[in-house]
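Let me give you the structure first, and then I'll get to my questions.
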Amino acid sequence: MATFGFIEYSDASPEVRAVYDDIMATRKTDWINNFWKGLAHDPALLQRIWNDVKQIMAPGALDPLVKELIYVAVSVTNGCPYCIAAHTVSARNKGMSEAMFHELMSVVGMANETNRLVNGYQVEIDEQFKAPVK
Amino acid sequence: MATFGFIEYSDASPEVRAVYDDIMATRKTDWINNFWKGLAHDPALLQRIWNDVKQIMAPGALDPLVKELIYVAVSVTNGCPYCIAAHTVSARNKGMSEAMFHELMSVVGMANETNRLVNGYQVEIDEQFKAPVK
Amino acid sequence: MATFGFIEYSDASPEVRAVYDDIMATRKTDWINNFWKGLAHDPALLQRIWNDVKQIMAPGALDPLVKELIYVAVSVTNGCPYCIAAHTVSARNKGMSEAMFHELMSVVGMANETNRLVNGYQVEIDEQFKAPVK
Amino acid sequence: MATFGFIEYSDASPEVRAVYDDIMATRKTDWINNFWKGLAHDPALLQRIWNDVKQIMAPGALDPLVKELIYVAVSVTNGCPYCIAAHTVSARNKGMSEAMFHELMSVVGMANETNRLVNGYQVEIDEQFKAPVK
Amino acid sequence: MATFGFIEYSDASPEVRAVYDDIMATRKTDWINNFWKGLAHDPALLQRIWNDVKQIMAPGALDPLVKELIYVAVSVTNGCPYCIAAHTVSARNKGMSEAMFHELMSVVGMANETNRLVNGYQVEIDEQFKAPVK
Amino acid sequence: MATFGFIEYSDASPEVRAVYDDIMATRKTDWINNFWKGLAHDPALLQRIWNDVKQIMAPGALDPLVKELIYVAVSVTNGCPYCIAAHTVSARNKGMSEAMFHELMSVVGMANETNRLVNGYQVEIDEQFKAPVK
């Protein structure tokens, strides 16, 4: 499927292959998942998104597993089946235990519930919560 | 504001006061934020939501700071201003540095972007990502 | 505010006044709320939306109060402060008790929570739930 | 599918079986739908969600059919295919006629349309709609 | 599939056939897509939605291709797979090049990212952006 | 407001000033809007987002006005008040007429309505709409 089909490594331009190679080297895998093969019809987009993902998901003030959990939380909230499937596997590979996953889901479910209760009860922001934070 | 107004401690029934007391004791604070004062018109709802939040946000396989970061990520994705303000302060109190916040925002922004790229490019799930995970 | 400002009755064209008159007559009120005064810059849009709202919200297989509750549920889920404020008042005027409001919120909160749990646990549709329903 | 697979009754712990039994007894059915079998990997989550659903969806100020219609409205707005399929069947079993379903869809569609018109025309809340409601 | 199944032309009432005929005549095609066949169980809804789509998507201040691009942008943001598939083909038929599609996706992705950054950084509206626009 | 406050030009580091200068030069304005002043606490994020916006919103296969309309469509669908206000002004500056705005809103409203009708009627994708498009 994919809007314009998938571009396999064997059919890719040198420009696209360079990104594919960097993805596999960075992730220490020998295959490219469909997301990148669908984007590859626009090499500039492919390059930009990969550069951003590579930089943003790297270790920093937050560790890579925490970043993956956040990615899953957003994807579950938005209802993106591909993203949920891909990042759940990713989180698992980075050390997410089954217990961690269940707690992640509990927090995501609760946050989605209370976000709506706040909306419905029309709760205004307490002075104490007004930004800027210190 | 709030749909039915706020219920202050001094006007609360013993049932509601018991929840308020537990909130303040658990959080080691001496005030109740508007969310609870808006919900308190339905004491059963107040009790249920507080019990759930207290249990879900407690230390477990994930630490409380990570849980707050996830709460912020969901609230930002849903666009709930109250929830963003409250949980950002909460995360700050639990140790979120400014650098952590920036990385959180970068991941949330990126996930919201790629969630839509996956939708638009109609990317189907790779066999390797199909659940159940092991 | 409003993108192009509000069009008051005294400044309205005969075409727009006719819609305003019908809104007030249908709702048995003597004022027009901001939504219509913001849309009135596009009289065709104003006319179409009012015709649709008037027809869809009228008594039918569902009674008007139930329809207002559904409107509130959607508006709370989408996070539209104006719509929540307006339709909560509307529901109140059509007979929504405070107890009904609390139950509405509980259902909306729960549905938003379980919608995300279904996403996160990647639950596939049971054969028994597959449409068409009988 | 499901992130960690499904737990069938025959493979369930006594704790999980007790929930399954209560679901079947409450609903007067002899099977368990996939949602619960996916959650059952976290018995505490399963128990909490079931208790909440059982209590919230019971008769109260709103009747159970109205609650199911609200559940469908939220699920349609969020775009959760499983939830839409399951709760449409549920509503049907509780007495939703085909005419009721069509009216439900008309209201949900209209509310989603007007929610966005309010956003785009940047309509501010009328004084008359400002909470608290009386 | 479809909640109540699809109504084919050969099984349709004269009222529904008249809408189907107008769809095919307007679009210069000889088939009806599933969306209309699913709605046709409610002839009044079918008629209303078709009238609206026909009028709104016609040439005006914006040309029909731009309108299709906007339709795709909304559908991608909401995550509606049917709508994305249908309106992408529609846009293609109205002259969307592959390069246009890639740029559309880049804008949609970026807008979804920055919408969330604005939320998370709690940015308040500049005086210069306050409506009404001139 | 803003989570960490705003960084004014006079208080900005040379790195941040360079971005501010490029924003003003590119847009031929002499002020910086709040979005950038809120992001500037993370200079790397500021730089990345500005580079992306500058490149993506430039003339290409789609003209800059069409891109702004798409930006508004996404922001209205997501309900981001800041983004709606800012990009509506931006579109206006790039030539959006009042008539174009009204048509944009009509399409966005309609798309949000039909996206939900598709969900609720559980419409499956026609073979003719299945990607890849040609």
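In this document, chain identifiers A, B, C, D, E and F correspond to the written order of the chains, with residue numbering beginning at 1 in each.
Please note the rule applied: contacts are C-beta pairs under 8 Å (C-beta built on N, C-alpha and C of every residue); 3 or more make two chains touch, one makes a residue touch a chain.
The structure displayed is predicted, hence computed values, not measured ones.
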| item | value |
| --- | --- |
| Shared interface partners, meaning chains that touch chain C and chain F | A, B, D, E |
| Chain labels contacting chain C and also chain E | A, B, D, F |
| Interchain contact steps from chain A to chain D (minimum; 1 if touching) | 1 |
| Selected pair, out of C-E, A-D or B-D, that shares over half of its residue contact pairs with C-F | A-D |
| Which of D-F and A-B has more C-beta pairs touching across its chains | A-B |
| Centroid distance [mean C-alpha coordinates] between chain E and chain B, Å | 34 |
| Gap in Å, rounded to a whole number, between the CA centres of chain F and chain B | 27 |
| Gap in Å, rounded to a whole number, between the CA centres of chain F and chain A | 21 |
| Overlap residues in chain A, where contacts from two or more other chains coincide | 1-4, 45, 49, 52, 77-81, 85, 88, 102, 104-106, 108-110, 112-115, 117, 119-122, 130-131, 133 |
| Residues on chain D engaged by chain C in the complex (per definition of touch) | 1-4, 31, 33-35, 38-39, 45, 49, 52-53, 56-57, 60-62, 66-67, 69-71, 73-75, 77-78, 80-83, 85-86, 88-89, 92, 97, 99-100, 102-104, 106-108, 110-115, 117-126, 128-131, 133-134 |
| Residues of chain A that touch chain F when the two form their complex | 1-5, 48, 52, 130-133 |
| Residue ranges of chain D in contact with chain F within the complex | 72, 76-77, 79, 81, 84-85, 88, 104-105, 108-110, 112-117, 119-122 |
| Parts of chain B lying in touch with chain C, wherever the complex brings them together | 3-4, 41-42, 45, 49, 78-80, 131 |
| Chain C contact footprint on chain F (complex, rising order) | 79, 88, 98, 101-102, 105-106, 109, 122 |
